[in-house]
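Both complexes below contain chain A, partnered by chain B and then by chain C.
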Partner chain A sequence: MDSLAVIVARRKRQDKLFGALGIACTSLGLIMLVVLLGDLMYQGFGRINWQFLTSFTSRRAGSAGILAAWVGSLAVMCITGLTAVPLGVAAGVYMEEYGRKGRINTIIEVNIANLAGVPSIIYGLMGLGVFITLFDFGRSFLTGGLTLALLILPIVIVATREALRTIPVHVREAAYALGATKWQVVRHHLLPYSLGGITTGVIIAMSRAIGETAPLIAVGAVAYLASLPQPAPFSGEFPFVSFEWIESPFTVLPILMFNWTSRPQADFQSNAAAAGLVLIAITLSLNAIAIFIRYRARRRIKW
Partner chain B sequence: MRLILGNAIVRRIGLPTLLLAIVAGCSSKGGAGGSGGGSGTSSEIKSGATVTVDGSSTVFPVAEAVAEDFMKSQNGKVNVTVGIAGTGGGFKRFVRGELDVANASRPISADEMKAAKENGIEYLELPVCFDALTVAVNPKATWVDSITVAELKKIWEPGAQGTITKWNQIRPEWPDKPFVLFGAGTDSGTFDYFTEAVCGKAKSSRGDFTASEDDNTLVQGIEGNEAALGYIPFAYYDSNKAKLKALAIDWEKDTLPATLPSLEAVVSGKYNPLSRPLFIYVNKKSMTDKPHVRAYVDFFIKNAKPLATEVSYLPLPDKAYEMVLERIKTMKTGTAFGGVPEVGLPVEDILKRDPKS
Partner chain C sequence: MNLAAADEKPVERRIPAIADPAVNGSMTRSPLAYTNNMVEPTRHEHDAPPTPKVTVESLNFFYGAVQALHNLSFVLAENRVTALIGPSGCGKSTFLRCFNRIHDLYPGTRYEGRITLHPSGTNIIDKSVDPIEMRMRIGMVFQKPNPFPKSIFENVAYGLRLKGITNKNELCDRVEIALKSTAIWEEVKHRLHKSAYEMSGGQQQRLCIARTIAAEPEVLLMDEPCSALDPIATGKIEELIRELRKKYAVLIVTHNMQQASRASDYTAFMYLGKIVEFGPTQQIFTNPTVKDTEDYVTGRFG
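Presenting the complex of A and B:
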C-alpha cells in the first residue's frame, strides 16, 4: 500500500500533467492561427491597396481587384442575415416558449440539431432545386443569400433556444404574476435578456456563411463578374430604393479566392492571400459589431 | 428594468421581415440566367445587356480575358458573366437554353446533343484555341528526355496498377527506381482527354497515383520528387518552366520525331496526340436575336490569338480562325464530332467537316 503522501503526490503530478496538456492543446490552436495569419500577411499584405479594393478581377494579376467579390459577399450576407435571423429567432422562441413538449416537438428538435451538421454542399443542391428550378429566382443574389440562410438557420435556432433557457424561470413567473401576456413576456423580457446569447449565435452562423464556397457554386455563383449589382439600390428618382439588384448574377470572395489559387501564375497566389485577408477583416468587423451589441445589451441587464 | 437599446433592436426585427416580404413579392421571374436585355431583333446593342457564359474551367482563363477586353471595348454597356460549372455542367445549362455561350474542353456528347434537339436549341461549334497536355518530370531526372505514347500507356493503363512501378520496367536503361505518378482529378476534362489519348478510352486509368483538381498541387508534387512523372495542362508547365522538365512525346501513329510541347509545335499540328482544341458553343438564337452576343463571339474569335497567348494557352493557326469566322457568317449549326470525341485531329480537318446536329 502506498502512503497517503505518495498517492497525493501522484495525483498532483497527474493534475499538472493534464494542465500542461491543456496548455499545449490551446497553444497549438493559437500557433496555427498565428502561422496562418502570418502566412497570409506575408503573401498578401503587399497587394492590399485602394486599387485592389476598387477594381474588378482581371487576367492580369497586377491589375486584378476584388470589388465585385467583396460587395457581393456583403450583399449576400445582408440577404442571409435579414432572412435567417428573424426566422431563426422566431422559430427558437416558438419552440422554447410556445410549443408544447411532445413527441412532434422532440422529432423537430432532433432534426434541427442534425440539420446543423449537414454538409453545406447539400444545402447548395437544395437551393438549386428549390430556389432555381421551383421558384425560378435565377442564379442571383437572392438565391445565394437564401441558400446560405437555410444553411445557418439551424445554428440561429439552437443559439436562440440556448439563450432563452439561461433566463431564470422566476423572471417569466414574475412577469406573468403582473398580468403580462405571453407575447409581452417574450417581447419585453425574454428577447432583450437573451439578446447577448442570440447575437453570439448569429455571429458564429454568419462567420460560417461568409466563408462558404461549395453551396454557392452549386447555385451558380459566377467566377468572372465585372459589374456591381444592377440596378443600384438607391437612386435619385422615385421610388428611390430598388430591390431589383437581388436578381442580378453574383460572386463572393471565397469563390474568387478559389479561382485565383488554381491559376498557374504565382502572382495570383498573393492576390488570393490578399483577398483572404480582406475576408478575415470583414468577418472580424462583423464580429466586432456583434460583440459591441452584446456588450451594450449585457450592461443593461441587472437581475 | 428599462432596456432601451434591447427594445429598439427587437422592434427593428420587424422591419427586415417586412422588407423581405416586399422583396419576395417583387421578385418576378426573369432572373433566370440574367440574360435579359436582348429582346427584339434590332442590331443596336442595348445598355445593360448581358452575355451569360458558363462551362469548362480550362477554358475560363481565355474566356475571362476575352470578357475583360470586350467589356472595355463596349465602354461598360455590355455585361459578361463567366461561370466555372465545368464542361458537363455548362452543357447541362446550355441545352436548356439558359446560356448564350458554353465553354467546353471537349466536343458536345451524344446525350447532350439529344437534349439540345429535344429543347429546340441550335448551336454553333467554334474551336477557339488549343490546350496541350504536358508530360512533366523533375529536372533532376536526367535519364529521360522523351517518351512514346505506347510507354505512357504502359504506365497509365488500368492493368499497370500495382505491377508497373519502376522506371526500368518501361525502358531497361532507365534506373531501377519506383516512379511516383501525378495526374488530373478524375472529374476533370484533362483526365478524360489524357486517358482517351493515351489508353484509348476516356476515364480508363490506373488509380494509384496522386490525383488533384488543382494543377498547382501537381506542379509542387513533381517539383518535390526526383522520381516523379505527371501530366499537367500546358499553361501550368509554361509558368513553372524552371521547376519542371517537359518530355518530348513520340506518337507511333505519325511519322514525326518526338516533339516537345511548344507554341510552334502545337499550332503547326505536330504535338500529337496530347494537344486538343478547346471550344465555345454558341446558342444560335442568342446569336441572331442578341446583337451583344454576336459582338462578343466576333470579338472572341478576332482576339483569341493574342489573348490566348497571354494567358499561356495556344492559339489556332490563322487559317482556322478564318474558317471559324466563315462559319459564323454562314451560321452553320451542329457539331463535327457526332457525339464521339476524337484524338489527334488537325483543327482544320475539324472545321472542314460539315457539322451536324
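Presenting the complex of A and C:
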C-alpha cells in the first residue's frame, strides 16, 4: 500500500492536470474569438466612416453604405421585440402561475423546449406560408419581424419561466397570505422580481434574432434596397405618427453582408467585414443594456 | 359573543367532542368545555372570560390521496394565545394553514368539515367562501422571515394597498402604528425607504408581523415564527406575542416547549394528524391527562 504522502501527491497531480486542461479549453475559445474579431477589424475597420453609415448600397464598393441595412435591422428588431416579449412573457407567466400542472402542461413544456431548437430556416418557411401566403403581409418589415418573433418566442417563454422559478415560494405565500389575487402577485411581485432574468433571456433572444439570415431570405428580404422604410414613421402633419412603413420592403445587416460576400470584388469583402463590425457593435450594446438592467435588479434583490 | 353568557347546550351540540382516551375510553369532552370551565392561567386572572373566535369541527384535510388531518375539533379563543405543539410532521403547520386557506394555492388539496369564524359565522373552508377575503381577515406570519424585496414602508403598506387604501397620509399613519406596535419603529423610522433586506433576521420577522397586523386582521396565525431567530430576537417576538394577545386571537405553531409554556394560554398537542390533548397550557405542561402528551412535554417522546 502506498504511503499517504504518495496518494496525496498523485491526487494533487490530477487536480493540477484538470486545472491546466480547463485553462487550455477556455483560452482556445477565447483565442479563436479574438482572432476572428481581429481579422474582422483588420479587414473592415478602415471602411467604417460617416459615409459608410449614411449611404445606401451601391454597385461600386467605394460608395456603398449600410444605411438601409442598419435602420432595417433596428426596425425589424423593434417589431420582433414588441411582438415576442409581451407574448412570450405572458405565455411564460400563464404556464408557470396559472396553468394546472399536469400532463398537458408537460407536453407543452417539452414542445416549447424543442421549438427553441428548430432550425431557423424552418421558421422562414413558416413565415412565408403564414404571413405572406395566408395573411398577405407581403415581403415587408412586418413579415420579417413577425417571423423572427416566432423564432425567439420559445426562448423568451423558457427564460420567463426560469426567472419566475427562482422566486422563492415563501415570497409568493407572503403576498397571497395578505389577500393578493393571482394577478396582483404577478403584477406587484413576480414580474418586478424576475425582471433581471427575463431581460437577460430577452436580450439573448434578440441577439440571436439580429444575426439571423436564412429565415429572412425565405420571407423575401431585399439585398439591394436604396430607400429607408416608407413613409417615414414621424411627420409634421396630423396624426404625426404612421405605421405604414411596416408594409414596405426590408433589408437587414446580415442580408447585406451575405450579398456582399458573394461578390467577386475584394473591396466588397472589406465592406462586409465593416458591416459585420457594426452588427457586433449593435449586439454588444444590446448586451450592455441587459447587463446594466440585471445589475440594477440584482442589487435590489437577493434571496 | 361571550361564552359565559351564551346558552351552553346548543354550543355543546354544535361543537363535536374530542375523545380523551386516558381519562375514560368513552368519556368525551368538548374543547369549549375548557374555555368555559377551565381555570384561567394565573397571570391572566383579570382577563374577561374567553370567547371563541374560531371553532373547528371534524376537520379532515387531504394532500391528494393522503389524509394529513383526522377529524380535528378545536377552539381558538379571542384575546388568547393558543399554541400547537407536537413532533415534526404531525400536521401542526398543515392545520394552521387551513385557517387562511393557503393550501388552495396548491393543486390536489382538499378540506372536509367546518372552520367557523365568529362572530360572522363564516365557514372558512366552504368552497363558496372567497379565500382572498379570508386571507384579508386572517393574517399569517411565516416560519422564515419573508419580507418583499421592497422598502420597509412598502412592505408594511402592502396589505393596506390591497385593501384599497391609497391616501398617503392614512398609509403613513397606519404603517407607523403597525411598526410601533411591533416595537421596531425606533429602529427603522429613519430608513423607512431602505430595502427590508438590509434588516437583521429578527427585525425582518417583526417587520413581517407589522405587515400582517397593519391590515388589521381578526385572527393572527404564526407558523414557528421564531425558529429562524436567535434567543434575543426570539425573546422580543415572544414579548410581542403577549402584547398582540390584547387585540387578536393568536394561533402559534412552535417546536419550542419553553415558548409554548411561556407565551400561550392554551395548548393543543398534535400527533399523527390528530389532536391528542387540548387544554390550558398550565394543565398540558404540569398535569397532562394523556400519556403521549406527558412524554412529549417532558422530552421522553419516542
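Here, the second predicted complex is superposed on the first by the 301 of 303 C-alpha atoms of A that agree within 3 Å, B and C clash if a C-alpha of one lies under 4 Å from a C-alpha of the other, contacts with A are read in each partner's own complex, and residues count from 1 in each chain.
FYI, a residue touches a chain if its C-beta (ideal position, glycine included) is under 8 Å from a C-beta of that chain, and two chains touch if they have at least 3 such contacts.
This is a predicted model, so every value here is computed, not measured.
By the touch criterion defined above, A:Arg103 lies against neither chain B nor chain C after alignment on the C-alpha atoms of chain A.
Once the two structures are superposed, chain B and chain C can be ranked by residues of chain A touched, with B on top. Under the contact criterion defined above, the residues of chain A that touch both chain B in one complex and chain C in the other are 188, 193, 300-302.
Partner chain A is touched in their complex by these residues of chain B: 1-7, 9-10, 13, 16-17, 19-20, 22-23, 26-27, 29-34, 48, 50, 52-54, 57, 60-61, 63-65, 67-68, 71, 76, 79-85, 213-216, 219, 235-236, 238-240, 307, 310-312. The touching residues of chain C, when paired with chain A in their complex, are 100, 102, 105, 107, 132-133, 135-136, 139-140, 142, 144, 146-149, 158-159, 162-163, 195, 197, 208, 211-212, 215. Across the complex, chain C is touched by residues 100-101, 168, 170-181, 184, 188-189, 193, 300-302 of chain A. Against chain B, the residues of chain A that register as touching in their complex are 57-59, 81-83, 85-86, 89, 132, 136-140, 142-143, 187-188, 191-193, 195, 217, 220-227, 230, 243-244, 246-249, 259, 261-266, 293, 296-297, 300-302.
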